[in-house]
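Below: a set of structures, written as C-alpha cells.
In the two complexes below, chain A is the common chain; its partner is chain B in one and chain C in the other.
Moving on to the complex of A and B:
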C-alpha cells in the first residue's frame, strides 16, 4: 500500500511543526540548564546569609592556651590541614584575581578562635568562621604565615605557637543577604500599600458601581492600559514623582525603598484589581441576595459574605504580585537605585535580587557565576509561587463547583 | 373576627426596562395565613413576591409604580428603610443557598448583622430557630460543620431557620421545594403548616397540589395580571374564571 501525495505532504508538515516545537522546548531547557550549571556551584546557605562586601578583622590572642588537643573531625576533606592545638582546619583556594589564599575550612566549637578581641573596636569580639581567608598572622614566637606558602605550612606554624600577636582575616563576601532583605522589605511594603487599594477598587468596580457608571468604566480602562505599560516607564514615574515625594517627607535623598515600594504598588495594582474582580465574579449572586434578604446592609454583605468567599482569589492575586515584585528590575533601577547594600535602610538606596544581578553584571568585571546563582534563586521562588497560585485557584474553582 | 392584612397592594405596575412585568395588581395579603401565588412561568408571581421585600431593587432598570403598604407604610416611599423592611420580611429562595460558613454562623448571620454579639443570646436564637425549623435534632451535634455538608432538604430548612432567626413577621418563599425530592418537600410543607401560627407566609409555587395542600388563599397570575384571588378551597373547587379552571385542571401551563 502507498500513501497518497496529499497524505505525504501532510506527514511532512506535521513533522516540521513537531520539530519546531521540539527545538523551542530544547532551547528553553538548554537556557535554564546553562544558568543552572553556571550558578549551582555557588548556591549555599552561606550565599544567602553572608554580606556582599568583604570585611577584614584584625585580632590577637594572648593568654593560656591550655593543653587541650582538638580532634580532627573524620569527615574533613583530605585537602584540609588541621592544627590540633588551635582546632582550626585550613585549605587552599584562589581569590577573585587568581592568587592563592589560605581559607579557614573548619573551626572546632571549643576553639579559642571562636572569640578573639577586636583590635579595631575596643571591647568587641571577633569570631573566626569558616570561609574566612587568613591574611597575615604573626605568632608570639615571631613566626609569620604567608598565604603563598600554603595551608600545610600554616597549620604547622599554628601547632608550634602559643599565642598570636596579630592576625588578619577577611570574610569572603559576595553574599546576597542584603538583597534578600531588600526584596522582603519591598514585598511587604508594596503589598501593604497595594493590597487594600486594589481590593477596595475591585469591590467598588464589581459590587458598588452601577453598570453604567462612568467612574467604573474609566477605572477599568485605566487598569487595562496599565497592564500593558513597560515597567521602565513606571520606574521613570517613580524617579520623577515618588523620589521627590519621599525625599520631602522622610530623610531620604535620592532612590530609596519607600519610593520603590510605591512604584511597585502601581505596577501590581492592575494585577490585584483584575484577579480580585475575577474572584468576585465567580461568587454566585445567591449569596448576595440571601444576605440582603436577611436585612444585612450592602457593606455587611460585601465584607462578611462576598469578600470571605473571594479570599482564595485575593490570595492568588497576592502570590502573582509577589512574583512580579521579585522579578521586577527596570523600575527599581530608577526608584531604588543600583547600589548593593549589606545594611538595608528604608530611606537609602539598595538592590533587590533582580537588580543585584543587574549591578554585578553591569560592572567592569561581570560576575556571571553569582548572577546565575541569584537567577536560580529567583526562578525557584517564582516557580514555587506559580505552583501555589495553581493550588489556590484549584481550591477556588472547587468551592465554586460545590455551590448548587 | 376580621383578619388583619400584612400587605395591601394597590395599582402595582412593575417594569423591567421597556418590558412591563406586572399590570395593576391589587390584593391584600392577610396576616398569619399562607397565601400561595400560582401561575405559569413568566406570569409575574415571583416578581410580585420579590416586590414585597424590595428585592427587585437589585435588578437594574426595574421601575415600580403604585403602592405596597406594609403595616400601613408604603414600602416604596422614598424614605422607607429597606434594611429594616427586610428584617421584618424574610425570604427563602428557590435554590437552597446557605453561606459557605458553619451551620451556626449561617443562622447567627442575620442577628450578628443587627449588632447582636452576646454569645449566650446568639446561642439561644440559633437553638430556637433550629427547633422551630424542625432541624435541631438533626444538626445539634454538628453546629460547627460547614452548612454545605447538609443534604439539599436540610439546607433549605437551614435557610428557613436563617430567616426565622431574625424573628420576622412575614416569610416569603420563592418555590422553596422545587429543587428538592418528595420526602424533603413533605417535610418543608409540614414545617410551613407549623410556621403559619407565628408568621405570615407568602409562597410562590409551580406545584398546584402543593398550593391546595398548604395554603389558605391562592392567587392565580397570568401574563403579569392577577386573574383570580380567593380562598384556596374556592379556587380549586369552583374557579370563577375560565383561565383559572384551565390552568388548575392542567389544560395549559
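Moving on to the complex of A and C:
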C-alpha cells in the first residue's frame, strides 16, 4: 500500500511523539532498576532491625568448659569453619571499608558464648550472636586470633583453648531501625496534629461558610497558596517558628521530632483540606436535607451524616499525607536535623528514612548501597500508597454515583 | 396540627439550632484561620530572620552589606561578606534549561496519552507518569548522583571537557527536568482532554490530517491549561532542594554558564554545609530563602501575565 506524502509526514510525527512518550517509562524503569541493582543486596531483615552504629563488646570466659562436644549443624555452609568445643561457626567477610574480617556465622544455643561477663559494665552479660565480627581474641593458653588470619585458623585456635582472657566483638551496624522508628513517630504525630485541623477547616469552608462569603474565599486562597510553597521554605519556617516554640514548652534544645511533626503538619494541611473538601463536594445535598428535615441541627447533620459519608475522602487524604511525610527531606533537614540516631527520643534530633539517605549521601564518601536499599523501601511504600489511593478514589466515585 | 403549635415548635427548633450551629461555626473557624495563617507566618518569620544579618543592631560590625549581598558574585568572603547575585542567575539559567528540555517532552507525552493511544495503553502510560510524580526528591538525588552524573561525565569525556565527577550544571538540569516532566504532563493531559471534541472533528472534516489537527487545533485550544502546568512545574523546579543539592556541587563564585562546571543554586546554598544552628552563617540562609520566595513570586506573576497574554489570542 502506498501512502500519500501527507500521510507519510503524519506517520513520521506519530513515531516521534511515541518515542518521546516512551521517555517517561524509560526514566521510571531506569530509576527502579538502578536502586534495585544497588540496594537489593543489602536489603534484609537485619538491615531493618539493627542499629546504625556498631557496638563493641569486650568479654572474657573463665570457668569449666566441660567435655561437651557441639554438633556441627548439617545445614551450615561449607565456607563456615566450626569449633565443636565452643559451638561457634566462623566465616570470612568484608567490612564496609573492604577489609577482611571474621564473622560469627553460627552459635549453638547451648554454647557458653551465649552469656559472657561484660568487661565494660560490671555485673552485666554479653551475648555473642550471629553477624557479629570477631575482633581480637586472647585465649588462656596465650594464643591470639587476628582477623587477618582467617576463620579456619580461628576455629582451630578455639578448639585448642579452654578459656578466654579477652575477646572483642563488634555488631555490624549500618541498620536503619532508628530511622524507621523516627519515620513512624513523625507520621503518627503529624496526622494527630494535622488531621483534626485539616478536616475541621474543610468542614468550615464547605459546610458552614456561606458560598458568597469573601472571608471564606480569602481563607481558602491562603490555604491554596501553601501548596505552592517549596518544602525547604517550610523547613525554614520550622526552624524559625516551631523549634523555638517546642524548645520553650518541652525539654528540647534545638531541632526535635515534635518541631518536625509540626512542620510536616503544615505541609500536609492543604492536602488534607483539599481532599476532604473534594469528598464533601460529592456528597449529595439530599443527605443533608433529609437529615435537616428530620429535625437534626446543622451541627448534627454535619458530624453524623456528612462526615460519615466523607470518610473515604479523608482516608485518601491520610494516604496522600503519609506518602508526603515519608518522602519529605528538605523541610526535615532544617526542622529536625541530620544526626542519625539509634535511640529515638521525641525531644531530640533523629532522621526519617529520607533524611537518613541525605545524611549518608551528603558526606565525602556517599554510601550508594545503603542509600539505594532505603530508597527501595521508600519507593515500595509510596507505590503501595498510590495504589491504595486509587482504590479508595474508585470506591468514593462509585459511592457518589450510586447514591445520587 | 394547629397552626399556633406549629409556629411555636418552629421558633423553638430554629432558635435551638441557631445557637448550637453558631457555636459550632465559631469553633470551626479557629482551625480554618489557623490553617490560613501559616502562609502569612512563613512570610513574616522568614523575612524577620532573613533581614537580621543586615541589621547593625543584631550583628554589630559583623552585619552584612545588603548591596553587596544582592550584587555579589562570590558567595562568601570572610569575615562577613556574602554575595547572591550569581546564585540567582545560576538558578534562573538552570531552571530555564530544565524547562526547555521538560516542556516539549511533557506536552508531546500528554498529547500521546490523551489522544493517540487506545485506552489501555493510555492508562498504562498515565500510571507511569503518576508513579514518576510520586517519587520523592531524595530518590531522584540518589539516581542523579549515581547515574545522571556518570552520564554527564561520559558526555564531558566525549567532548573532551573537564567535570568534577559529573557534578555539574548539566546534571542539575537533567535531574530537574526529570522531576518536572510528570507535573507538566499530568496537567497537560487534563487540559488536552478538556478540549471540545467538535473542534477536532471540524478540523478533520475540513481535510486537515490528524497531526495537523492535534498541533493546530488541540494544543492551541489547550494552551491555557498547559501553561498552568508549566507554571506549576517551573515553580517546583525553583524550589526543589534535596536532589539539586546532591548534583549541583557548591561553586564558590560565578555566574557559570558552562554546562560541565559545578554550580550553585539558591536551594543548594541553603542546604549544603549546614552545621551550626545559630549565628550569621545560619541566619544568612534565611536571607537566601527570602530571595527564593521573591524569585518564585516574581516568576509566577510573570508567567501568569504571559499566560493571560497568550490566552487572549485564542
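Observations
What we mean here is this: the second predicted complex is superposed on the first by the 400 of 404 C-alpha atoms of A that agree within 3 Å, B and C clash if a C-alpha of one lies under 4 Å from a C-alpha of the other, contacts with A are read in each partner's own complex, and residues count from 1 in each chain.
What we mean here is this: a residue touches a chain if its C-beta (ideal position, glycine included) is under 8 Å from a C-beta of that chain, and two chains touch if they have at least 3 such contacts.
Just so we're clear, the structure is a prediction, and the values are computed from it rather than from any experiment.
By the touch criterion defined above, A:125 lies against neither chain B nor chain C after alignment on the C-alpha atoms of chain A.
By the touch criterion defined above, A:295 reaches both chain B and chain C. By the touch criterion defined above, A:3 lies against neither chain B nor chain C after alignment on the C-alpha atoms of chain A.
Of the two partner chains placed around the shared chain by superposition, chain B is the only one that A:287 touches, whereas chain C remains out of contact. Once the two complexes are laid over each other on the shared chain, residue contacts for A:273 go to chain C alone; chain B is not touched. By the touch criterion stated above, A:304 is placed in contact with chain B alone, chain C being left untouched. 295, 297 are the residues of chain A that lie in the contact sets of both chain B and chain C, per the superposition on chain A.
Listed in rising order, the residues of chain A touching chain B in the complex are 210-211, 284, 286-297, 300, 304-305, 308-309, 399, 402-404.
In the complex of the two chains, the chain A residues touching chain C come out as 6-7, 9-10, 13-14, 16-18, 20-21, 23-25, 27-28, 30-31, 34-35, 38, 196-198, 200-201, 203-205, 208, 218-220, 222-223, 225-226, 228-234, 236-237, 239-241, 243, 254-255, 266, 269-270, 273, 295, 297-299, 302, 323, 326-330, 333-334, 337-338, 354-355, 357-358, 361-362, 366, 368, 371-372, 375, 378-379, 382-383, 385-386.
Of all residues in chain B, only 53, 55, 58, 60, 83-87, 90-91, 93, 95-101, 109-110, 112-114, 148, 152, 155, 159, 162-163, 166, 179 touch chain A in the complex they form.
Interface residues of chain C facing chain A in the complex, by the touch rule stated above, are 13, 16-17, 20-21, 24-25, 28-29, 31-42, 45-46, 48-49, 104-105, 108-109, 111-113, 116, 125, 128-132, 134-143, 145-147, 178, 181-182, 185, 209-211, 232, 235-236, 238-242, 245-246, 267, 270-272, 274, 277, 285-286, 289, 292-293, 296, 300.
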